[in-house]
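Before anything else, here is the set of structures, which you'll find just below.
Next come two complexes built around chain A: one with chain B, the other with chain C.
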Partner chain A sequence: MQNEKFKPFYLFFITYMTQMGIVFFSLPNIIADHFGYNGWIMIIPISVVVLIHIGLIAKIYSFNKGESIFETIESLNSKAKMILMPLYISLSIFWSILSVTIAKHYVHVMKFLYFPQTDIQWFVLITLILTFYLVTRGIITIAHICTIFFFLSGPIILLLFYFVPDFSFLQFSTFLFNENKDFYGGMIELYTAFLGFEVILFMFPYISKEKSGFKYVFLGHLYTSFLYFIVTIFCYGFNSIQQLTRQVYPVVTLMKYIEFEFIERLDSIIFILFYLKVLITITMYVWISLVTLKRVVKWSDNLIVFVLLAVGYISTLAFVTKKELIILLSTLTRVQLLISVFLPLLLLIIIFKKRRSNG
Partner chain B sequence: MYINKNLSAHIKGRFDDCDDLVTKTFPELEIEVLFFGHLVGEEELNNNIVQPFSNIKNDEVKNILRRIEFKQEEDINSMVNGILEGKALVIFKNSLAYAVDIYVPKTRSVAAAEIETVIVGPKEAFIEDIGTNLSMIRRRIKSDCLKVLSYKIGTITQTKMYLLYIEGITSPVLVKELQERINNIDIKGINDLNQLIQYLDRKPLSIFPQYFTTERPDVSTSKLLEGRVICLLDGSPYSLSTPTSFFEFFQSPDDYNQRWILGTLSRALRFAALVITLFASAFYVAVSMFHYEIIPVKLLHEFIKSRSDVPFNPLIEALIIESIIELLREAGARLPSKIGQTIGIVGGIVVGTAAVEAGFTSNILIIVVSISAISSFVVPHIIMTASLRIARFIFIILASIAGFFGIIFGFIILLIHLCSIKNMGEYYFKPIAPLSLKDLKDTIIRAPYQFFKK
Partner chain C sequence: MARILMMIILILLMQSGCMDQKIVEELGFIHTIGYESIEEGEDIGKLKVTVSFPIAETLEQQTNTTVVDTPRESMLFLNQQTDKDLVLGQVRSILIGEKLAEKGVWDLIDTFYRDPVLRPTVKLSIVKSSPQQMLSKDYPNFQMVDSVIEELLTKEARLNSIPEMDIHKFAKDYLDDAIDPIAPIILQTEDGIMSEGIGLFSDDQLRTSLPEIKARVFFLLTGEFKEGKLLIKISKEENVIFSFLKNKRSIKVGINNNQDIDVNLSIDLKGFLLEYQGKKDINNEKQMAEMEGDIQDYIEKEINEILEIMKEHQIDNLGIGKYIKRKMDYQTWKNLDWPKSIDRVNIHPTVTVTIIDTGLVK
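Let's look at the complex of A and B:
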């Protein structure tokens, strides 16, 4: 498994599938709530900032030449391992908690919308079983599964054409960011919606070397931005700003409007198809916590993943209601945001230090 | 073991209680011939043994024994094996033995394919005799690059097996790997190639076939040309090819023999059939148990009306009808074709109509189940159809537990499983995973041949 590598174009699918998560359904609401009128414009600057952020990772990739980031960190000082061990353990536990929380959040929304009588723990357990099964197959299979899931869930976006006749530019109004509530908080919230690209940092040893292979990460991010952008625009053109601020999941509401000859209310199928994307997000975070914990313990993959999922599951057991979950998730994603900023910076500092000492 | 004295008695001793061993003697020439009458051809026996040794003098015998078809044998085991393989053993002066191959297999003649039928293209299929099967492939590939390695499978049956590959196209690693697996088979005997592939299997718990078998020599030839390894087994009208991909089971020679647009469309139809056969019944169960909201209002009325008389929940209802279909299919497979049609009528029309009228099931379910059964037969390979049927039952049960979510759960497990299977070092779900746009031209669609050129 160690020697096997995947072609860089899989990075496109991995980046996009990891970035896109449950936030997609509530994104227009978040934007309308925080930025007010014509808030969709904010997607562009935030996306550009994320692009720069990915640029940092690209720089590390080009310096590292396929070496894993753990080796880079550990090469600094042989005695550093003493400090790194607890760091690795806490990071991997953090990521496992984050991924279980993402799973729980999705499952909660699903229960809320379609299975009102079912206990969410069942769905969480099922999700964890799937995650366990997928993560233990190794990164190559995960990359392949990403690709298949992409093509299965990708065509859904074409349904947007259904809304073209009802789309009205009048809804946009001429105001810009009026009635915004929390502009800076909104920026952070929007930024966290793009998180997921940082898992690429851990994949360096698995990417087969090809010229400008990293461009696929940028493309994946651009595709995510494009989808966020176009869906938000459609939501803005379809609803008034007041409607948007009141709908918790405007995209689900949008889908409920679709009606065909044979099938009405497609939203349940689409929402559950979206599970594929959420599963990849969860899997990727569990996978990075797996590779992190592997630096510390010498257990088999199965055992590590089991322990991580169990830890994540038990530590989030107390969080059940939607409000609790949202607070937990937004706290965790903010921490993840900090990690995804500081980890690349740390790596760059180490790399520059090493280069200087090497002359 | 070398024996120079009393050879005839030794050999006969080995064949003690084998009353079908024929002994023909020419006492004046001191010649004794041993063979199995049912393994040799009458004409061959006459031409090679009876006629040459009739009406000759003692000193001419040596000239005859020097002929090319008389092969001197020294080892007693190979003499015995020779007789078992349909050779006549000529024993001269009770001390020298010569084997003459006069084997003529008593099998049926080459006939049209019965299971993998095509509309356009060659009709002939493999038969039980391995020599004829090999000749069908040699006739199609006139190249010295076609290599044939011979094996004996089964410690007792000593069944002949050939491993075929084309040098320069097939990877040597693959040939070596398969050779190793064949050498590791340790069984008493084998009857059919479909048993052999289960011994070669490295994923015995998977519901999907790991090796591609076909009864068509033209398909085997094209597999050889694609760089795969082919195996033939004596007594089996099939050939196996490996490495196998999931999508091979959805290809038919018709796709290649007809114009590309037709080939592509019929492939699309097969993939649609794949989706229908896997999910149609499960979808029905999910909708009627969890997701009534997706049925349009106009249809909902009919739907509820048809379900209102049914005393069972949708899962039991679907399982009953699916089981009836399975019974019909199994009965149809075991019965002679003439009675088989009656079964179809009884099962399809009588049971179906009566079940609905008796309020046993809803008629919408009958439609759904019939469509999914028909779709399962659209898949050109019977082995794959069987796997899909198993998966279908699993999906129905999952749908009854958690609706669409259950279906998605099963589907994800299925996909992960398919993506992680490797067959002889190649991914089973190729060319979707790993994705290879170049190979998609000949899996999902069938592009015009001009596009295949590199």
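Let's look at the complex of A and C:
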């Protein structure tokens, strides 16, 4: 398993599927709430910054020549492992908690919107069992399944572009960012919507070497940005701005508005198919916590994943209401944002230091 | 072992399909809800809520009524009156009594807009008189009045005599600061129902209404009127029915030193003359040009009347504010306090009418 590699084009699907999450449904509201009039413009600069961020990771990849980032970190100093061990453990526990929280949040929204009788804990448990099977299969299988899930859930979003109800450019107005609340907070919030690309850092040893193979990560990110951008534009033209700041899930309302002769309430189908995307996001985070914990303990994969999921499940058991979950999730994603910024920087510093000492 | 485990998990996963079970025969799919405020008697100030839902076995509709304090409470009481489990997922239209609409409807619409079960496309209309009487009366010509109401609303909206209004659009216009919402008005007649034009709102309160003939001119102004017929009464003896093929509307806003706002509304119409009663010779070119002028004057007069009504009530249901907003910076717009300042705006309508053809007979 260890030496198996996948073709770089899978990176497109992995990046897109990990980035895109349930935030897709509430993004226009987040943007309208934080940036006010014509806030959709902010997606462009934030997306460009993320692009630079991915550029850093690409740089590390080209320096590393396919070496795992753990080896890069540990090669600095042989005694460093003493400090690194607790760091690895806390990181992997953090990621397992993050992924269970993402699962729980999705199930919570699903329960509220479509299936009021669903038992949240039960459904999360089922999700985690699926995740367990996915993660223990190894990254190659995950990459393949990612691709299948992409084609299952991807095209249905394009339906949106085919039929846009009641769109008017008049709704945009000429004001820029008026009536904004917490502009900088919004930038962070929007940035976290793009998170997920940083899992690529841990995949270096599994990507088969090809020239400019990393471009697929950029493409995946651009596809996510494109969808975020389009859906926000649609929502700005479909709602009045004051209305947009009041709707929690404007994309769900937008989709509810689409009615064909033979089908209506398309939103439920699209939302349920989003489960596949959420499943991939969870799987990716559990997988990176698996590879991190593997540096510390010498257990079998099954045991590690089981322990991680159990820890994640138990530690989020107490969070039940929507408010608690949202606070927890936004705290965790902010921490994840810090990790995804500082980890590549740390790696770059180590790489440069090594290069200098090597002459 | 692993296989058995997989089987168990698979069975458990399948079981989750049985979680949210709903049996159609046991449900009462509410089709239409009517709200009105009680104006007299001991329950004065309370809400009277009427629901109608179809019964599958008899193909007839059943109506139930209750008197409550808040909209949501009504579901509890209405449920007690029937053997069906009443659900809101298939609601098609909401009828609001005129008196209630005058007091304000946002609380009501907000409850519906908040509920994930309801669609945002639920139709909204104002009923002159009482929704309860409208829904529960036996009509000789149709069995299910609720679906007739829904179809009437859709059809008349297509013909541009009433607006197509749903809770999403109402919320959009109500929350927007540059436009006031509108809603269709329907009426109960001796043996049926009919549409009665547009109700104009200020915020969420019904202020006044436009009759059907003015309603069509109103839609010329919003630019939604693309095709349809218009009855034009030039004088007592002269009647024209004009059928539009093309309607171009443009709004230009000019602002001088922030005090004077000029809005130029221009409407360009092209169409057929379908019917004419009067003394003019419709084959004479000169007289045709005269007639075009008459139609223009008539439409301009109607437009000015609509604008007068809006200025009188300080409302902007046309959305002129949206065009003015585009020409201003944020602070000036906020200081304008739209639509209270609609008095200060000079609106100049210009209508150009071209008659393309007068029919098959010379």
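Here is the rule we go by: the second predicted complex is superposed on the first by the 354 of 359 C-alpha atoms of A that agree within 3 Å, B and C clash if a C-alpha of one lies under 4 Å from a C-alpha of the other, contacts with A are read in each partner's own complex, and residues count from 1 in each chain.
Please note the rule applied: a residue touches a chain if its C-beta (ideal position, glycine included) is under 8 Å from a C-beta of that chain, and two chains touch if they have at least 3 such contacts.
Note that the coordinates shown come from a computational prediction; the quantities given were computed from them, not determined experimentally.
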Superpose on chain A as described above, then tell me if chain B and chain C fit or clash.
-> clash
Counting only touches as set out at the top, which of chain B and chain C does A:Asn178 meet: first, second, both, neither?
-> second
Considering only the touch criterion stated at the top, classify A:Phe115 as touching first (chain B), second (chain C), both, or neither.
-> both
Just chain B (first), just chain C (second), both, or neither: which does A:Leu170 touch?
-> second
Check the residue A:Glu264 against both partner chains and state whether it touches chain B (first), chain C (second), both, or neither.
-> both
Go through the superposed model and pick first if A:Glu210 touches only chain B, second if only chain C, both, or neither.
-> neither
Identify the partner contact of A:Ile272: answer first if only chain B is touched, second if only chain C is, both if each is, neither if none is.
-> first
Between chain B (first) and chain C (second), which does A:Ile126 come into contact with in this model arrangement: first, second, both, or neither?
-> both
Kindly classify A:Ser240 by the partners it touches after superposition: chain B alone (first), chain C alone (second), both, or neither?
-> second
So the chain A residues that chain B and chain C both touch are 114-115, 118, 122-123, 126, 259, 264-265
Mind pulling up the chain B residues that touch chain A in the complex?
-> 290-291, 293-297, 299, 402-405, 408-409, 412-413, 415-416, 419-420, 427, 429, 432-435
Residues of chain C touching chain A in the complex | 9, 12-13, 16, 19-20, 116, 119-121, 168-169, 171-173, 175-177, 319, 322-323, 325-327, 329-330, 333
Which of the residues in chain A end up touching chain C in this complex?
-> 37, 112-119, 122-123, 126, 129, 166, 170-171, 173-175, 178, 239-243, 246, 252-253, 256-257, 259, 264-265
Write out the stretch or stretches of chain A touching chain B in their complex.
-> 6-7, 9-10, 110, 114-115, 118, 122-123, 126, 130, 133-134, 137-138, 141, 144-145, 147-149, 259-266, 268-269, 272-273, 275-276, 279
